[in-house]
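So, here's a batch of structures to check.
After this come two complexes, each holding chain A, first together with chain B and then together with chain C.
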Partner chain A sequence: MTELGIVKLHEMLKNGEITSDDLIKESLIKSHKLNETCNAFVTIIDDAKSNEVTDNLLSGIPYGIKDNYSTKGILSTGSSNTLKDYIPFFDATAVANLKASGAVGVNKTAMDEFGMGGTGTTAHTGIIRNPWDLSRSCAGSSSGSAAAVAAGIYPYALGSDTGDSIRKPAAFCGIVGYKPTYGMISRYGLFPFASSLDTCGVLTRSVEDAAIVVDAMKGQDQKDATSWDSRNIHLYESLNGNVKGKKLFFIKEIVDIVNYPNATEALIKHLENFHKSLDILSSSGVEIDEVSIDKELLKVIPSVYVCLSCAEATSNLSNMTGIIFGPRGQGDNVFDMMKDHRTKGFSPLIKRRFVIGSYILQKENQERYFVGAQKARRLIVDKMKELFKTYNALILPVSTGPAPLLNTEKDQLNDDDTLLLEEHLQIGNFGGFPSITIPNGLINNLPVGINITGNCKDDVSVLNIAYALESKMNYKDMVVKDE
Partner chain B sequence: MKFTSELVDELANKLLIGLSKEENDLVLREFELIDKSMQVIANMKNIENVEPMTHALDDTEIILREDTAEESVPIEEILANCDNTEDREIVVPKVV
Partner chain C sequence: MNKQKVVIGLEMHCEMTSNSKVFSSARNSYNELANDNVAPLDMAFPGTLPTLNKECVRKAILMSLALKCSVPQYFYFDRKNYYYPDLPKGYQITQMHDPIGVNGKVIIDCNGEEKTVLIHDIHLEEDSASLDHYSDATLIDYNRSGVPLLELVTEPCLNSADEAVAFLEGMRRIYQYLDVSDADTKKGQIRCDVNVSITDEDSTTLGTKVEIKNINSFANVREAINYEVHRQIKLKEEGRYDEVEQETRRFDEESGTTIRMRGKVDAIDYKYFVEPNLPKYKITPEYLDKIRKNIPMLPRDRKLNYINKYNLTELEASLIIKDKDYADYFDESINIGIDVKSAYNWLVGNITSYLYKEDITLKDFFITPTYLKEIIDAINNNTISSKQAKEIFNESLSTNKEPKEFISNNTQVSNKDELETIIDNILTNNTKQIEDYKNGRTNLFDYFVGQVMRETKGKANPVITKEILKDKLDS
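Let's turn to the complex of A and B:
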């Protein structure tokens, strides 16, 4: 039953075909089973209690919570050894909002440590595997959430997205990943990574479910000054699939196969598949243009992201000392204790990111690197906003094809031709733009995804375009079946 | 060379983080790549006149909330996550 969507589950709960208790039990049993193969969870909440079924669509239905959301009385580690025993004394606002809707959290999903990775290989509980093929990556950082939703543990799990951490795992796991406009959902209680880019969101198996869940999570919060009043936005009610007359663009420099002289067979198929999706939208009355953008501007996107995210992370995570929370390090003085805690606690990947962040923030380097990256961010965002005056959204393929094998996954900067195809989703975080990935095909029996990104606070258009495309394809509600 | 492993270790030390040789090498390689891109940014036309973008949204409105007293979290709950406490205090080695 947990493989069904929210509306259907709600209907069955209301008419008494199933109970909330049935759903919670099924979800917990499946969680234990999935954890054996995929390492998807840090914590399975075995004593999760069923909830009363009300008129709220989410009431009584189980869901997963990424482990960087604070959950009162429940272990919240951010998949880091530095917080391996940390139990928050409060709920993140998004979690509290879902609780008020009657939703039942049944597990905390594993992730790249503190959200700082894109491979699902840096969680302190082990490598997170893709349920479609256990030798492959889920991408990251919302890896456990993506694996669990793809495996049908529940209809949805929470994610967070700083560069593409919801939208890329969704693509690799054949599901929907929605990052709303920045500030639509309060970040209070979300472990910070890079505050100017961090966004809460959700992973589901349909656009409809994504709209329902974000409706419940969102809202202005006194505890997050960057949250804004979205009470006039009703995502679920606004889904009508009417996209006639909408205008989309894609970026030639990212999509044109001539940019990839060494394209793999998977990349060729992925790009062909992307164009098929465009044809589907065109036949629904959407106008789609190819737009050319200065390659020099596009090329700096990954470095701008690294500079800004590393600098902000270095500052945000300087409170991880093992003194006031987290396991104490060894040492004769406070500094040695902190150094021992941080050296042993952080994975190599995030240590590297902190060092880069520290370099960027040194007084003598700030202007060239940090401020330079902030200026480039502005140029990239201004270009997008200029295009959003003419177009409702940007549409692009996600990554270079299906999920890569775990032993080939990199989490380092490189200067490959395909870097931009891997990293362009960061544009969504630079501008705070609403952005959604949906599955749009299978290549060698593995899912691939397509992304739609629109202007700030125009989440309704973005969701409607995704909803219309989803309805014309056969990849909605995909669940990985056991062999 | 602009970036050296000594520089990387010095930065890591400032952050109270120890790096292995392998970790140090990877940072060095990434520095070179970032620096290359930053040169591209520095060479962009009129970049000096661009206002740095520090937040995702430009229209964030800061509203002060009402100055009303709220119940605070009991200190025992907050200290429960600390490995070494005494009464209402956190215990650390002598600092001065």
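Let's turn to the complex of A and C:
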């Protein structure tokens, strides 16, 4: 039953066909099974209690929580050894909001350590595998959430997105990944990676479910000064599939096949498939334009992201000292103890980011790297805002095709060639734009995704376009079948 | 060697008063119980976020305007990144790029001379936790973590330890008068960093700057400066000025000396960047005007007022303004019609000695200016003597009852007819004494006064009594 959508489950709970208890038990059993193959969870909450079924659509229904959300009384590690035994005494606001809706958290999903990775290979509990093909990556960092939702363990799991951490794993796992406008959901209780980019969101198997869940998670929070009042936005109620007259654009420099002289067969198919999706939207009355943007500006996106995210991360994670929480380090003095805690606790990849971040923030480098990156971010966002005056949203394919194999170090193509295709989702974080990925095809029996990104606070348009496209394709509610 | 000029710049950190901390909901109050005023943010638990206490911003702007600083258009914070066990987040939220006030000035009085001190900037930030060192362990108390701090930085424009201390005392009063801080050094609410250099008196370039960090009392500021000046001059005299290094030192209270902590090359790079969790916001001109209109008169202006308007001497005026409670008490007394001289005398006399004896402040003092006026009025219309006034003052305080109640029971006998009757009666019964008096034993006059006092239980108006007696005896 747990592979069904929220509305259907609610209906069944309401008319007594199933109970919350049934759902929780089923979800827990499936969690244990998936963990054996995919390593999707840090914690399975075996004593999760069923909840009363009310008129709230989420009541009594199980869900997964990414392990970088603070959960009261439940281990929350951020998939890091620095917090391997950390049990918070407070709930993240988003989790508290879901609790108030009657939703039941059944597991904490594994992730790239503190969200700082896109492969699912850096969790302290081991490599997270893609349920579609265990030899493949889920992407990251919301890897466990994506794997669990794709495997039908529950209708939804929470994710967080700093560069593409919800939207890329969603694409590789054949599900929906929605990152709302920055500040719509409170970040209080989300372990920070890069505060100006971090966004809470959700992974589901349908646009409808994404709307329902974010409706419940969102809201202005006294504890997060960057959150805003969205009481007038009703995502689920606003889904009507009416997209006639909406205007979309895609970026020629990212999508045009001529940019990729060494394109793999998968990439060629992926881009063809992208255009098929555009045709579907066109036939629904959506206007779609190809827009050209200065390639010099686009090319800096990945470096801008690295500069800003690493700089903020090195500062944000300075609280990891092993003094107040986390395993106490060894040493003759407090500085050696902190150093020992961090040396042993963080994976090499994160340390690399800290080094980059510190380098960028150094007095002598700040102007060149950090301030430069901030200016470039502003230019990119301004360009997008200008386009959003004409268009409702940007539409682009996600990545270069289906999920890559875990044992390939890099893509077969020269990194530089396809870098833009891999990293363009970061635009959504630069501007705090609402952005959603939905599955739009299968290539070699593996899912691929398409992304729609709109202007700040215009989540309704973004969801409606995705909703319309989803309804004309056969990838809604896709679940990985047991072999 | 040329005569040397001392150049000093100060950084003054002052803990602000507020209900809650600057970025969390924990209480901001002096608390003997360790780790009691703590919210999750104050210990940097993962996922906690700062939220801004707007009242602290208002007070910061108030100080900025009072010091005639320019206020930036936008309000935002920066992070100052460094690792230290008293800094749970691993960074301090402060203002580096756009402090709440820049380029201000304040006039101080030092040894009878006026001096303008230039303010480089004043900014709002958070305090760190406090460390309690023991022989075998160090304990961390997070009560102070996140307490709002104002840091004030002067230009290097002070030229002696006296000026530095006069400035600090002047500033402390301003903080108190503006109700921004209790500014109590005993509670560690003020801490200072001092920058000291020397240079030839006629030189326009500054010498090598030495910073002495974290001095916790004004007396120590004086001592540290004097020691440091002495050290630098001595090295210069000996031709070893190149040994004065740009460095950070600390003041050692026990030896009264400064001790090197680190040199310039070891200076920490704080990697400042804009705090992303607290959105930048616009400070509107209307908001500034509203605050500007409510700046109370600063202590120095009040002092000048007392001198010019009430003819108090510099010393008297200084005594009154030393403490805002005093100045407020004094002003209120004048406002309700107590004459300047009485108000001053009572305040620095009976009231001060009572407060001192009881170890309380004017805030907890029972006799308000209104009550004081009851006593003073009674003296002025000869209802009571000044000796009785003192007694009523004490009785009112010991019983917490309005002075008026004691005044009615103490009415002086001033009625001339009544007194004459009493005196006539006494004289009739003391004919021998009258004779002796008339024969030259003039000291018997006091005997007659004493008799009248005995008869009236001390209530006879002594002046009138003496007049009548003199009349009768000398006639």
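For the reader, a short list of remarks on this structure follows.
Convention: the second predicted complex is superposed on the first by the 476 of 483 C-alpha atoms of A that agree within 3 Å, B and C clash if a C-alpha of one lies under 4 Å from a C-alpha of the other, contacts with A are read in each partner's own complex, and residues count from 1 in each chain.
Note that in this section a residue touches a chain if its C-beta (ideal position, glycine included) is under 8 Å from a C-beta of that chain, and two chains touch if they have at least 3 such contacts.
None of these values were measured; they are calculated from a predicted model.
Taking chain A as the reference, the larger set of touched residues comes from B, when chain B and chain C are compared.
In the superposed model, A:363 lies in contact with chain C only, and not with chain B. Of the two partner chains placed by the overlay, neither chain B nor chain C lies in contact with A:100. In the superposition on chain A, contact of A:348 is made with chain B only, not with chain C. Look at A:29: by the touch rule set out above, it reaches neither chain B nor chain C. Within the superposed three-chain model, A:224 lies in touch with chain C and out of touch with chain B [touch as defined at top].
Of the two partner chains placed around the shared chain by superposition, chain C is the only one that A:311 touches, whereas chain B remains out of contact. In the superposition on chain A, A:429 makes contact with chain B only, while chain C stays out of contact range. Looking at the shared chain after the overlay, A:334 reaches both chain B and chain C. Look at A:188: by the touch rule set out above, it reaches chain C but stays clear of chain B. Chain A residues in contact with chain B (one complex) as well as with chain C (other complex) are 86, 89-90, 196, 222, 225-226, 314, 318, 321, 323-325, 334-335, 338, 358, 362. Touching chain B in their complex are the following residues of chain A: 85-87, 89-90, 181-183, 196-197, 222, 225-226, 228, 296-297, 299-300, 302-304, 306-307, 314, 318, 321-328, 331-335, 337-339, 342-343, 346, 348, 351-352, 354-356, 358-359, 362, 368-369, 371-379, 381, 412-415, 429-432, 456. Put simply, chain B touches chain A in their complex at residues 7-8, 11-12, 14-20, 22-23, 26-27, 29-31, 33-34, 36-38, 40-42, 44, 47, 50-57, 60-62, 65, 73, 77-78, 80-84, 90, 92-93, 95. Contact residues of chain A toward chain C in the complex are 68-70, 76, 78, 83, 86, 88-90, 92, 187-192, 194-196, 222-226, 311-312, 314-315, 317-319, 321, 323-325, 334-335, 338, 358, 361-363, 366, 370. Partner chain A is touched in their complex by these residues of chain C: 40, 43-52, 79, 81, 83, 85, 88-91, 138, 140, 269, 271-273, 276-279.
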